[in-house]
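The same subunit A turns up in both complexes below, where it pairs with subunit B and then with subunit C.
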Partner chain A sequence: MKKNNKKLTLFILPALLFYSVFTLAPAIGGFWYSLTNWNGLNKNYDFIGLKNYAAILKDTDFINSITFTLKFVLIMVVLQNIISLALAIAIESRNRSKTLFRTLVFMPNMISMIIGGFMWMFIFTKALPYIAQQLNNAALMDISWIGDPFFSFIAIIIVSLWGGIGYLTIIYLAALQGVDRTLKEAASIDGANAWQVFRNVVIPSIMPAITIGVFVTLNNSFKVFDVVYSLTGGGPGRSTQVIAMNIFAEAYSLNNRYGYASAKSMVLFAIIFVITIVQLKLMRKKEIDG
Partner chain B sequence: MKKSILLSALVLFLVFGIVGCGKAPVSEPKKVTLKVFMTFPRFQEQFEAYFEDFKAKELEEKNIDVTIELEMPNSDQAAQILKARLSSNDAPDLFTLHAIADIPSFYEAGYLSDLSSQPFVSDLLENVKDIVTYDGKVVALPMESLAWGYLYNKDIFAKYNLTAPDTIAEMLNVVKVLKENNETPFLLAFQESWIPQLMTALAIGGVVTNENPDFVEKMNSGTASYNDIDQIFDIIDIIMENGTEKPFEVGNAAASAAFAEGKAAMWVQGTWQAQAILDINPSLNIGCAPLPTSDSEDGALINLSVSTSLAVSPTSKNKDVAMDLLNYILDKEASTALFEELKFNPVAKFHDYEVFPWTDEAMSYVALNRGYRDLSLPQAVTAEQAALLQSYYAKTITKAQFIAKVDEVWKNSLGQ
Partner chain C sequence: MKTKKMTGWNLLVLLMLILYSIFSLSPILLAILNSGKTQGEILTNILSFPQNFKFDNYLIAFEKINFLRSFLNTMVVVIVGCTGIVLLSAIAGYKLARVKSKLSGFYYSLFVLSMLIPFHSIMITLVKIANVTDLQGKTLGLGIIYIGLGVPMAIFLYTGFIKSIPPELDEAARIDGCGDLRLFFKIIFPQLKPITATIIITNALWMWNDFLLPLLILPNSKTYTILLSTNMLFGQYGNNDWPAILSVLIMAMLPAIVFYLILQKNILKGISEGALKQ
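On to the complex of A and B.
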């Protein structure tokens, strides 16, 4: 028994080492800095306890960025999962060229979101106005996709969906392929129509995938950064400033308050942690075994 | 017997002969390695060549063989890399920093050496030396000095017989004439937030220097408010209301192209950008004028500042050689050629090369006492102003909210 454990430990040692040095250690370091007033530059800093956390409560910009991110997360979770599921069902129902569509849907996911952001920037600022001009549609031309706070939000949603749907579609495709066909046939023989089959047989069978889908979207949307950074930079002003952008600005460009920014990162971590635990617990109940 | 004596004598002769012919040993040159950190990736070749000359000179005069490890990161990452190195005790021997923005915090953290006794100090131009002096000591060697206001298209101005306005009233007239002739007065490029921030920099500079000279001190002691200088919004409103469309979709590169193509007559952007604009359209005539902020010409002032400067780390293990390299940057014989090639403005009294026409124009205002030293606002305030201007243009905040927010940020930054 002991020998087995030793071997197993040796196998996971490289990955564990990597994880500890590059993920765990900085996280612990971050927690330590959140209790200080380091500004990223001085050799000396003071331990100030929970003063950073107290300051967060009064930081209206941070609180605004939290509410903005919540809006973003909600819309993303709903839209991304529904669209991915719909795409997966559509692809699954095809007899031929399944692989072609799978590849097409997944391709945006392979592009770094910074590049994707710049690509879409061109579409929003040059391509769309040009098309609107050709169609002589003045209303469409007037939309400032990057400048107007409302439309910038929509722009970010569009680009995030474009980048993220591929991954979820693959997951849902795999799950749909695992649905027991005999169950579906039995249900339709008993008189259930397509929607009822879907709702009462397919969805419970793919619940694990839905758990994953919601979990992944929730997690990634809360931490969203690349898309916002490359598309709007948090602007105009602070209208599209998500939590990660707020922390980034605080630590590096705005104030150089590294300790304070670390405290905000801890808050972000806590929020994601709580939501994830709650969501996992809820979803686990609905999964069926076997 | 005779043969062996003869043979040994021959061998001895040969040995002594060879030893005698050997050269008298020369003292080995001392080997020194200097780590230099500079944020001029576009000038890498020029600096490498310049340092080669330095190495030759140092070897000849002091018998020191210097190896220079030159690091030239991109300017957007440079600040972070440098700060990480400084705070982890891995400071380069020489490094560049932004004089106005970085000197206070770097000095307080103890990362700058006192350079007041170095030979180059006596050669510096007065107003330039003033900017790299902190706490009574010269702490950096200025390299990029700037004199800027806003840029204007001389051809468009000449076409309608306009001259650079000195007061708000004259500016309104210029705007009116341009609009009547279907020209866009101002180029607006707000995608990169540092560009709109230049408006507040110039406006505040003009208003404060002219009418409220101890504004910065009063703000630093919490006894003033941006309400005292809300006059800055007069010119800012004029610019924002008479500019190009969709400014948030225009970054620095796109704006330079637009200005080069004559899409607008004026652009609130510094002279550092003029070369890039000229590269796009070499036949453009670019002028530089001070931004009017009031109804008197004393409110239209040119901003004088120093950006990139070179400092020596106090923890350098080869301080003497580092100082030699530092002084070589302003070497009486070699420096003029370097500065001319890099197209930097003159910083020393012996720099007498030809400069750009817009620099001449800016300096002509300075000669009439219409220049001011770039104000030292807390970095947090500068960055916040940038974001607030974007929101102000998008009309998501009012003037009153702008003032309240920037006051608050200034107050918070004092606790650092």
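On to the complex of A and C.
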């Protein structure tokens, strides 16, 4: 047993080394710096306890970024999962065109959201205004997709959905293929209509995939950065500034308050941790009940 | 009556899929269409085909973002990162799957528990560590950092996969006098091909499309990845030179699209398997 443990340690040592230096140490360091007033420019810094966290409570910009991100997450979790599931069911019902549609739906997922955001910028600032002009539609012409806080939010949602739906559709497709055909047929013979079969047979069997789908969307949407960076840069003003961008700006572009930015990043971690754990607990329970 | 209703439903589903596919492709198609136009043509007619497709725009773009250099820089990062992640994680996963002890359980949870930590929570200290270890500013350094970030997920997948390989095979080889490391490379590693493919694909895509970490680690334009070069160009030309920007965007995403069209089956399989195991 002891010999086995020694060998085990030897085999995991290389991975453990890289992991410790580039993940574990920075994580612990992040927590430690959140308790200091380190500002990056100055080599010396002091331990200031929970003062950074107290300051966060009064930081309206940061609190606004949390509310904005929460709104974004909520809409994404609902829309992305419903649309992906609908697309997966639609694709699954096709015969010859199945592969073609799967290819097209997933395609945006291969593209970085930085590039995706720039391409959509072209659509929002050039193509859509042009189309509005051609249609001579005053209401459409008035929309400033990137200059108005509300429409910027809509634009961010559209581009995020465009980039994220393909991934979930693939997961739901895989889950749908695992649904027991005989179960569906048996329900149909018993007189259940298409909706009832879907509600009572399909949904319960793909519940584990739905748990994963919601988990993935929650996790990614809370950390959203690239789309916002490339599309609005957090603007106009700070109206579309998400949490990750607020942290980034605090540490690198506006000022170098590393200690304070670290405290904010710990808050982000805590939010993601609590919400995903609650989500997994609730939905896993439902999987068993259902 | 029933079949008629079914075809109506079928048409609706087909229509929905076609509409979504148009949505999915429209940014790419519009970018291709307009990348071959002059700035004036874009202003007067966005939706039509260019009068004559100006391939010059691509040549100019190719030089503007120093495409070859950016491409090679990105490849260095991806190759270093993937090689490290695969080798270190497979070796670690092998023993984690085979040795059943408290220590083994501890190591495993140590790796796996970190998967919930968002990148932004480690970012600031990570850049400091990159500075101290002299990895800052180097493509090779960025690849090495990715190894440290990527091993937990890969270890998780490898450990699960190796548990499904019967240990009797190990025993037989051991009787033949095979040492542990040789046994791993001769007997175990070749059997890991499917999961190794999944791990390489998902990690390569992640590193290829990652933006924030390269932005922080590679400040010098000589070491820019494709994304960083693209971002810089967009910053320079902003909204003014769309033909140039769109050509750059097409070129920047081309490698990933080609990769996708060639390896589509493996990529989609890897994604659904990787996700459903969590």
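Here are a few things to note about the model shown:
Simple rule for what comes next: the second predicted complex is superposed on the first by the 268 of 290 C-alpha atoms of A that agree within 3 Å, B and C clash if a C-alpha of one lies under 4 Å from a C-alpha of the other, contacts with A are read in each partner's own complex, and residues count from 1 in each chain.
Simple rule for what comes next: contacts are C-beta pairs under 8 Å (C-beta built on N, C-alpha and C of every residue); 3 or more make two chains touch, one makes a residue touch a chain.
Since we're looking at a predicted model, the values are computed, not measured.
In the superposed pair of complexes, A:L231 makes contact with neither subunit B nor subunit C. Of the two partner chains placed by the overlay, only subunit C lies in contact with A:S112; subunit B stays clear of it. By the touch criterion defined above, A:T125 reaches both subunit B and subunit C. When the shared chain is aligned, no partner comes close enough to touch A:V77: not subunit B, not subunit C. In the superposed pair of complexes, A:I206 makes contact with neither subunit B nor subunit C. In the superposition on chain A, contact of A:V216 is made with subunit C only, not with subunit B. When the two complexes are overlaid on their common chain A, residue A:F101 makes contact with subunit C while staying clear of subunit B.
Once chain A of one complex is fitted onto chain A of the other, the partner contacts of A:I56 are absent, as it touches neither subunit B nor subunit C.
Once the two structures are superposed, subunit B and subunit C can be ranked by residues of subunit A touched, with C on top.
Legend: residue contacts after superposition of the two complexes on their common chain; A:F11 is shown touching subunit C, with no touch to subunit B. Common to the subunit B and subunit C contact sets on subunit A are residues 125, 252. Against subunit C, the residues of subunit A that register as touching in their complex are 1, 4-5, 7-9, 11-12, 14-16, 18-27, 29-30, 33, 86-87, 90-91, 93-94, 97, 101-108, 110-116, 118-123, 125-127, 130-131, 162, 166-167, 170-171, 173-175, 208-209, 212, 215-216, 222-223, 225-226, 229-230, 243-244, 247-248, 251-252, 258, 261-262, 265-266, 268-269, 272-273, 276. Of all residues in subunit C, those touching subunit A in their complex are 10, 13-14, 16-17, 20-21, 23-28, 30-31, 34, 42, 46-47, 84, 87-89, 91-92, 94-96, 99, 101, 103-104, 107, 110-111, 114, 116-126, 128-129, 133, 144-145, 147-149, 151-152, 155, 180, 205, 208-209, 211-212, 216, 227, 230-231, 234, 239, 242, 245-246, 249, 252-253, 256-257, 259-261, 264, 267-268, 271-273, 275-276, 278. Chain contact summary for the complex, subunit B toward subunit A: residues 80, 83, 86-87, 89, 105-106, 108-110, 190-193, 246-249, 379-380, 383-384, 387-394, 396-397, 413, 416.
Those residues of subunit A that touch subunit B in the shared complex are 39-43, 124-125, 144-149, 232-239, 249, 252-257.
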